[in-house]
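Naming follows writing order (A, B, C, D, E, F, G and H), and every chain is counted from residue 1.
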Amino acid sequence: MTQTYQLAGRTFSSRLIMGTAGFPNQQLLLDALAASGADVATASIRRISLEGYAESLVDLLGEDYQLLPNTAGCETVRDAVLTAQLAREALETDWLKLELIGDRETLYPDVVQLVEAAEILVKDGFQVLPYCTDDPVVCRRLVEVGCVAVMPLGAPIGSGMGICNPTNIELICANSPVPVILDAGIGTASDAALAMELGCDAVMINSAVAKALDPVAMAGAMARAVEAGHLAHHAGRIPKKGYAEPSSPQLGLIGS
Amino acid sequence: MTQTYQLAGRTFSSRLIMGTAGFPNQQLLLDALAASGADVATASIRRISLEGYAESLVDLLGEDYQLLPNTAGCETVRDAVLTAQLAREALETDWLKLELIGDRETLYPDVVQLVEAAEILVKDGFQVLPYCTDDPVVCRRLVEVGCVAVMPLGAPIGSGMGICNPTNIELICANSPVPVILDAGIGTASDAALAMELGCDAVMINSAVAKALDPVAMAGAMARAVEAGHLAHHAGRIPKKGYAEPSSPQLGLIGS
Amino acid sequence: MTQTYQLAGRTFSSRLIMGTAGFPNQQLLLDALAASGADVATASIRRISLEGYAESLVDLLGEDYQLLPNTAGCETVRDAVLTAQLAREALETDWLKLELIGDRETLYPDVVQLVEAAEILVKDGFQVLPYCTDDPVVCRRLVEVGCVAVMPLGAPIGSGMGICNPTNIELICANSPVPVILDAGIGTASDAALAMELGCDAVMINSAVAKALDPVAMAGAMARAVEAGHLAHHAGRIPKKGYAEPSSPQLGLIGS
Amino acid sequence: MTQTYQLAGRTFSSRLIMGTAGFPNQQLLLDALAASGADVATASIRRISLEGYAESLVDLLGEDYQLLPNTAGCETVRDAVLTAQLAREALETDWLKLELIGDRETLYPDVVQLVEAAEILVKDGFQVLPYCTDDPVVCRRLVEVGCVAVMPLGAPIGSGMGICNPTNIELICANSPVPVILDAGIGTASDAALAMELGCDAVMINSAVAKALDPVAMAGAMARAVEAGHLAHHAGRIPKKGYAEPSSPQLGLIGS
Amino acid sequence: MRSQITVNGETRPWQAVDVVRLLQAEGLDPARRGVAVAINGAVVPRHRWAETAVQPNDLIEIVKPFAGG
Amino acid sequence: MRSQITVNGETRPWQAVDVVRLLQAEGLDPARRGVAVAINGAVVPRHRWAETAVQPNDLIEIVKPFAGG
Amino acid sequence: MRSQITVNGETRPWQAVDVVRLLQAEGLDPARRGVAVAINGAVVPRHRWAETAVQPNDLIEIVKPFAGG
Amino acid sequence: MRSQITVNGETRPWQAVDVVRLLQAEGLDPARRGVAVAINGAVVPRHRWAETAVQPNDLIEIVKPFAGG
C-alpha cells in the first residue's frame, strides 16, 4: 500500500533499514529482520579474529538482504576511507554508510571531516550514505559532493530519545533532492512514525529493536509504524488547532 | 498479529474505533471504514427530518459494524439520559458512548454531571463508555459506578493536537481495571501509536481521518499505527537515555 | 515593576505564594521566604503532639505573612470541612486552600467531592482557594459555587515535572473571572515563568524551593521568574514562526 | 545576586546580550537597552549611504555599551573576513560576532566555512564569538581554533520557537571550556530562563524584544528571566519524578 | 383554543391518533428501522406505538441515528 | 466499666472537666495561640472552652498549624 | 575610454585623489567616527587615508555600523 | 634483528610469503567469502593475493564484516 522508493538506483518496497548489532542471539536477529520486512541491513567491518563467529555475516544475510557496510567508530578521514575500501572488497558492494565520529560521548559525527571523506569516497566510486547531524546546510553540502542519500540523526545513537529536533528534520526533508533516512535515536514505534510524517523517505533502526525485551515484536511494530507514518505524510493530516471542532452534527438535538 | 481484546463482553480484533461524521461523501466514509479495519463505528442521535438522508445509517453500517451511539452535544443529565434511551431503542443496542458537554468552546465533558449520568444509565442496563477528561480520579469514579470502559480525551475534539498530557493517560492506563480508549485529539498516525504505547487498549478517531485530504489513506495509516503502538507497548521498549550507546562493536577497528 | 493583584479582597505585590514544608531547617525556611518576596505562606493543620515543635508556625510567620491554611491529606468532604473550621479557629483567618485528595499515588484532587466541599465552605463564610485539576469546566464550577480563586495543578505535587498541559492552563486563564494560581508541579524557574506567560495571576511553590540544594538561591530564582513571566505575558510576545526572519539589515552588504 | 562572568577577558555583570535591530524607533531601542541591563550590544556593518541615519550607532551607544559587531548576511569566508576587518576599523574593537550564513531560508550557519573563517580571524587577532549550530562537535572545533565563546542557536533567527533541542545545548554547556551564549530563537522569558538552566553563560536576544508589542517591558522580562535561570541552574533543582511526593506532613490528620 | 402537540420542537394541532398514525402524518414509514420516539421525556417502545395515543400538549421527540463521532 | 474519651485518636479515662482543664491535663497551655479544639465533629471556639464540659465518650480533636504546602 | 572606480557597487569616473578627498567627494566627513574603508579587499586604516591614492579600477567599500542582531 | 610484520596490530616474524600463504599461516581459509586485506593502507584485491608478496615491516589489516548498526 505504501509506494516503493529508489535508493542509489535500486528500488525497495520497505522503508525500514535494519541494523544487525546487539541482538541477544543469531536466531532473534534473523526473526527480527524477517518481522521488520527490511530489504537493507547494515554491517560493520572489523579485524578478523580466529575466535570470530564461525559463520560469516555475508553467508548469513548476503543472499536475502542488501548489505550496507558502515565505518562505525572511525574518527579520521584516513581510517574511514580505508575501512570503506576494505568494506567494498569484503562485501562486493559500493554502498557505504559513512560514519565519522567526532565525539566518543555523544557519537555525533564530525561534519567537517565527514564532508571531506564523502567527497573522496564519491570520487572513488562509492554510493555514499552519510550519517550526519540534523543540520540542513551540512545535508545540502553532502548532496553537493555527491552523496546518494543523507542520514541525519534524530538523537544520540542508542539513546532512544526519539527525534530531538523535528523542525530540523522537517526542513531537511522539505529541501533534499536525495532520500532522507532518519538514523539514530529512535526508541519506539511512534518515533518511527513521526520521522516519516516529517517527510523522511526511510528510517534506520538498530538498538530500539535489538535491545527491546521482545525484538521480534518490536520489529513488527517498527514495520507498521514506518508504513503508518509514510501513509499519514501523504494523506494530508488535519492542521493542529488550539480549539475544538465538533465532529457530530450540531443541529437536531432533542429538547432544543 | 496483535491480540484481540474484550469490550463490554464482546471480542474485537481491531483496536481502532471509528467515528462516522464529517466525511466528504458516503463512499469515502465506507472506503475509509474498510481501510481502517475497525469493528466499531459511532453514531449520533438527532431529530428526524423529512429532508434527512434517504439512507439510514443503520441500513448503511448496521450489518458490518457494531454501532456505538453517542450523546454528543448533550449538556444536562436529563438530555443525555433520554438521548441514550432513544439511542437504545433506535439502534437496538445497549452500548453507549456517554458525552456530557460542559463547555461549548472546548467541548470538554462536565465530569460532575458525567459521573451522575453514568450511574443512572448503568442502573438502567446500559454498557456505558464515557467520554471523560484525562483525570485518573474521575476515571476511577466512572469505573466504580459501573462503566465498561473509559474514554479520556487526548486533546480538544477535532483539534488534532494529539495527546496533550501523556503522563495522565499513562497513569490512567496503569491503574484501570477496564479498557482505556483514547478519545479526541488525535491528529495523525504517530499520535495514535503513542496512545497505544502509553497503554491504551484502543483509540477512537473521527476528524483526523474524515477531514484528512485523503481519508482512505489516513484510515490505513491509523490502522497500522494502532497495531504498531500496541505491539511496541508489549515489546518492552528500550529506556530513554541522556547519552549515546554504540550499536556496532567497539573493538577490532583498523589502525587501532 | 509588575502590577499588584487582588486576592480575596486583599492587594499583594508578590505573585509568588510559598509553601513552608520540607525545608532542611527553620532558618532556611525563613531565609527562603525572605528571598522569595512572597506575601502569602501556606500551613497545614495537624493534631498537636507534646513533642511538637517548641515554636508555633503562627508565632514564627504570623506577623510577616498572610497565612493560608490547607486541608492537605483530607479524603472526604467531612474531614476537609472540619479541618477547614479548625484552621479558621486556630489561625484566625477565613482563607483556605481547599485540598480534597482523590488518590494517594498521584495526590490528584477528587473534583466531585471538591465542588461539594467548596460549596459548603463558601456558605460557611470561607475564602476558598481550591487545589484542582487543570480542567476548565471544573474550574468554572468552582467559581460558580463562590471560590475566590482556582489553583489548578501543573503536574503531580512534588514531581517537578513543570506544566504537563499548557493548553489547559491557558484555557483556564483565558476564561477565569477569578485569579488563577498555578499549584503543584513546578520544578525550576522556567516552569514558573511559563505559568505566568500562560496567563496565571500567581504561582504556588513548595518542594521546588524547599528541596533544592540551595533553597534560598532557588527562592530568589522563582521570585525573578514569576516577575519575568508576568511582564512577558503583558509585553506581547512575538509569534512562533516555522521560519527565520533576519534581524540585521539585509541591504548594503559589501561585495553585493 | 548573580555572579559576574568573564568574556574575552572582560568582566560583565549582566548575562544578557542585546541586539539593536528592528526596534520601532530609536527611543524604544535606548529604553529597552536600559531596561535589559545589558552591557553588550551588537551592531552590523553596512555600506554607508548618504540618506543613512543622521546619528551614528557609535555616537548613540558607544559610550555606554561594549559594541559587538557581526558579519550578518555574509555567505563566504572572504566577505566575512573583510567585513570583520572593516568592523574592527570602524568600531575600534577586536570583538566579533562571526556569522557565516549557509542558507537564506533558515539563516543557519555554514559550519564548514565558519570553522575556516574563525581560524583566519583568530590568527588575525580577533576575539571571535561564532554564531553556530547546536552541534557539540562543531562547538569543540571552534574552541580548538581559538574562539573565545560559542553562540549556538536555539532555533532559527527571529522564529521565536525557543530552544528546539535542549539536549544539545546542555551537552555543549557541559563540555565547553569557553562561555556558551545561546543565540537566536528566544521568543519569550521562559525560553531565556531555560537557556540559563541548561548551563548557558549568557543569552543573546534581539527580535523577541525589538518586535514585542512592548519592547521595554519585554526587555525587563528578559533581564529577570536570565537572572532567574542562572540562579536556578546553580541552586540545584529537584529531579523530575514520574510520581507525586506530598509536601505537607502525612501524619496527624484528624479522624485518622 | 384548539389543543396542540409539539413534535421535534415544532407545534402541531392535536389530533386523536396513535403513534403509528402520527409518524405517517409526519410522512414517515413506521416500519422503517432506526426510528425512536419519546413522549414527554419517556421512550415509547416500537411495540407499543400502535396502542399509545397522542394526548393534547404532548412533547414528542422523533429521532434516528446520524453520522457521529 | 469506666467512661472514656478519645483525644486525637487515643483513649483516656473520662474526667469531669471543661476544655481548659482538659488542655492543661494534656500538658498544653490554653493561652497559647494557634490551638483549636473540636468535640464530636464540631469546633469549640476558644471563648467557649471554659464553659464547655467534656462528656463521656466525646471524640476530641486538638490541633495546631504546622508547616504545609 | 575614461578610467573608472567602483564605490559601494556604483561606478564613478576616476579622479586622482586620496581617500580623504574621495570621502569628501562622496559627501562624507572624514573626521566622523565609525567610518571604515577598504580598497580592493584590503582595509585602509584611517591614519593612512591621507597618503593612499585612489587608482583607476579600484573597488572601494565605505562602511559604517548600523543596528544589528 | 629479524624482520617483522604487523598483522591486525600484532607483530609477527616476517616470512617470505604471498598474501594467500599469510592467511593460511594465520589459520584462515583464503577461499572464504567476506575477507579483505590491506597492506600499508592500501587494499589488496582478492585476485592479486597470490601475486602479492609480504615485505618486511608491512602493516597488514585483515578484516571481515560483523554485525553493525
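General remarks:
In this text, a residue touches a chain if its C-beta (ideal position, glycine included) is under 8 Å from a C-beta of that chain, and two chains touch if they have at least 3 such contacts.
The shown structure was predicted, so the numbers you read here are calculated from the model rather than taken from an experiment.
Note on connectivity: the fewest steps through touching chains from chain C to chain G is 1.
Between chain C and chain F, the least number of touch steps comes to 1.
Listed by label, the chains touching chain B and chain H alike are A. Interface matching across B-H, A-H or C-F places the copy of C-G, with more than half of contact pairs shared by residue number, at B-H. The interface holding more C-beta pairs in contact, when A-H is weighed against A-E, is A-H. Note on chain placement: the centre of chain A and the centre of chain G lie 54 Å apart, centres being C-alpha means. Separating the CA-averaged centres of chain C and chain D is a span of 32 Å.
Spacing of chain D relative to chain F, judged by their CA centroids, is 63 angstrom. A straight line joining the Cα centres of chain C and chain H is 72 Å long.
Counting partners per residue, chain D has 19, 21-22, 44-47, 70, 72, 78, 82-83, 86, 105-106, 108, 156-157, 161, 167, 206-207, 242, 246-249, 252, 254-255 as the residues that reach two or more other chains.
The set of chain E residues that touch two or more partner chains comprises 8-9, 38, 61, 63, 66-69. Taken in their complex, chain A has these residues touching chain H: 19-23, 29, 42-48, 50, 52-53, 56-59, 62, 67, 69-70, 72, 78, 82, 85-91, 157, 206-207. Put simply, chain D touches chain F in their complex at residues 246-249, 252, 254-256.
Partner chain A is touched in their complex by these residues of chain D: 102-103, 105-106, 108-112, 115, 133, 135-138, 140-141, 155-156, 161, 164-165, 167-168, 171, 175. In the complex of the two chains, the chain G residues touching chain C come out as 8-9, 38, 61, 63, 66-69.
The residues of chain C lying in touch with chain D in their complex are 1, 19, 21-22, 44-47, 49, 70, 72-74, 78-79, 82-83, 86, 105-108, 156-162, 187-194, 197, 206-208, 210-215, 217-218, 220-225, 227-232, 234-255.
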